[in-house]
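Quick one: the structure is below, and I'll ask about it shortly.
Chains here go by letter, A, B, C, D, E and F, matching the order in which they are written, and residues are numbered from 1 within each.
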Amino acid sequence: MPNQVEEFNAYRLKMNDKILADDNKVIKRIFNLDTNAFKEGHLDVKTKELLGLVSSAVLRCDDCIKYHLESCYKEGISKEEVMETLSIATLIGGTIVIPHLRKAYEFWEELELNE
Amino acid sequence: MPNQVEEFNAYRLKMNDKILADDNKVIKRIFNLDTNAFKEGHLDVKTKELLGLVSSAVLRCDDCIKYHLESCYKEGISKEEVMETLSIATLIGGTIVIPHLRKAYEFWEELELNE
Amino acid sequence: MPNQVEEFNAYRLKMNDKILADDNKVIKRIFNLDTNAFKEGHLDVKTKELLGLVSSAVLRCDDCIKYHLESCYKEGISKEEVMETLSIATLIGGTIVIPHLRKAYEFWEELELNE
Amino acid sequence: MPNQVEEFNAYRLKMNDKILADDNKVIKRIFNLDTNAFKEGHLDVKTKELLGLVSSAVLRCDDCIKYHLESCYKEGISKEEVMETLSIATLIGGTIVIPHLRKAYEFWEELELNE
Amino acid sequence: MPNQVEEFNAYRLKMNDKILADDNKVIKRIFNLDTNAFKEGHLDVKTKELLGLVSSAVLRCDDCIKYHLESCYKEGISKEEVMETLSIATLIGGTIVIPHLRKAYEFWEELELNE
Amino acid sequence: MPNQVEEFNAYRLKMNDKILADDNKVIKRIFNLDTNAFKEGHLDVKTKELLGLVSSAVLRCDDCIKYHLESCYKEGISKEEVMETLSIATLIGGTIVIPHLRKAYEFWEELELNE
């Protein structure tokens, strides 16, 4: 059975490895910053992941939404909290966010099924 | 033969049903508003659908374009009127809209074929 | 008394003249196309101006909104039709459109006062 | 002395009143939803305000940022938490967010001064 | 073996032909302008293609990125120059550009393989 | 006489200093990267500044446009090259870029006057 979560991760990791193997310092540092920015600081990891999720949703980036949905799932964030975050995204970003909401919902279902 | 129109509608309806079955009031109300906003008011339904189409095109949302193209088709809006609307979208939104124009054109052809 | 409408038009015309006095053919042709695209065709001028207005609103461009509001006003489009168009923009584009809705409302008031 | 916070609120309230006095149901309901969406639910008010702030920042809407900064301030959110939220916005949204970061910083200073 | 480059070009050309066969003057002229704007002028073709590439990347349009990547490749632009251009896009446009960076990298590999 | 260039720089430097005085590592590193990314590499500084300019223009960020216009000016880039870059931005980003083109043109005039 095709598995969206595994496919997404496999492609992401394969391409990230290739990109990072190249010697572009700006890109490397941005990837590095991305890891650091979501570590616990004044805000906890859970809040930061929700910030990443809502930003990805209002900017309508499906792959970014998937990435943060998976991190949310691993952090033990509930479906209700995720949906509340996505509802704020849909209100702020408008109905143009709805197609991404559908894909997000489907991806979350796969995350739950994968367990 | 794969049929883009049917596939699009089937997925949209399936996921909308799931999303609405959840008890998120903000999302439910946004879906409701979406139905109400396109009903006849000071502007007629046809004009409103063209407003929905051009907005979807400049915001470069393929699924939103498809949704409004189908509504336009059902309202009896002509291909020439749709293309004129999309030409305004391409002028205002720039050549970055062209890839969405190609997909819109293809979807309209399928709507005509489906009859 | 400061007059937003006159100030906006004076600045726009002054800078457009300077830009067009330069010999950049691509820019000249885009300005030309902009005039042609909003002329009567398969769709009437009124519908096209509303398409321009809603696109400007979802793309959140205050100056573009002002420009199309003035054209709408000159075409005899009613305040109710303008507000219905802007309500669709706010639904599709999200609450992020609201600050632009406030400025649009204020500009429309000035258009009515100027008469 | 000019006061950015008071000016912003005065203009916002004046125009919101005018817009809501008109009988446009879609706009009224969106304003209503906006109030409801940020009430405590599965997520607390503080988290929701940070979600509103980060969304406003990545979408680069100065007025929306100001609105959520003031709500954050009233909720007792610390400057460090606000800056961490804005740092995530700058990473996800890119350096294009920096001009909005400068204005956000200035507005926060005024919120602190106003006390 | 499926070939992304050929598939992309075949679909693009097929749909462009259909769109241009229609008698929409605004669209025709925009397509025409697109050809003219990237010809040598005060800036050389190579620089213009990089401008097209970086714009497509910050606007997150995969098809536009592919189109300019192919033109860059034909102009003899090196992979290092392309990656440096995309690194600037990722910095300015934010981490939201990264999913498009992955697809761009993959497409460039196919361009090199196709030779 | 008010001077747009000096005002812009004074405000930018004052706020950047305040932001960097705070101990937010993510923001500090992004500011640092911004300096590094535009240094000579596989592409020369002039080309990189034009990449920064066109990206700022299609993303419609007035302050970012001003920043790169000043760097372009200091690098000895001609007005014709700047206008050609901005014409590509207007074609790709659409007529929605025109209000930013007007402000860019005005800022460039001030840069020339300041000499």
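Here is the rule we go by: a contact is a pair of C-beta atoms (placed from the backbone, for glycine too) under 8 Å apart; a residue touches a chain by one contact, two chains touch by 3 or more.
Since we're looking at a predicted model, the values are computed, not measured.
Overlaying the C-alpha trace of subunit C on that of subunit D calls for a turn of 120°, given as a multiple of 5.
Counting C-beta pairs in contact, the pair that comes out ahead of the other among D-E and C-F is C-F. Subunit F has its Cα centroid 31 Å from the Cα centroid of subunit A. Averaged C-alpha coordinates put the centre of subunit A at 37 Å from the centre of subunit C. For subunit D, residues touching at least two other chains, in rising order: 26, 30, 33-34, 37, 55-56, 58-59, 64, 84, 87-88, 90-93, 95-96.
Partner subunit F is touched in their complex by these residues of subunit E: 30, 33-34, 37-38, 41-43, 47-48, 50-52, 54-56, 58-59, 64, 78, 80-81, 84-85, 87-89, 91-93.
Of all residues in subunit C, those touching subunit D in their complex are 60, 79, 83-84, 86-88, 90-91, 95-96, 98-99, 101-102, 105-106, 109.
Put simply, subunit B touches subunit A in their complex at residues 11-12, 15-16, 18-19, 22, 24, 26-27, 30-31, 34, 55-56, 59, 61-64.
The residues of subunit E lying in touch with subunit C in their complex are 25-26, 29-30, 33, 36-37. Those residues of subunit A lying in contact with subunit C across their complex are 58, 90-97.
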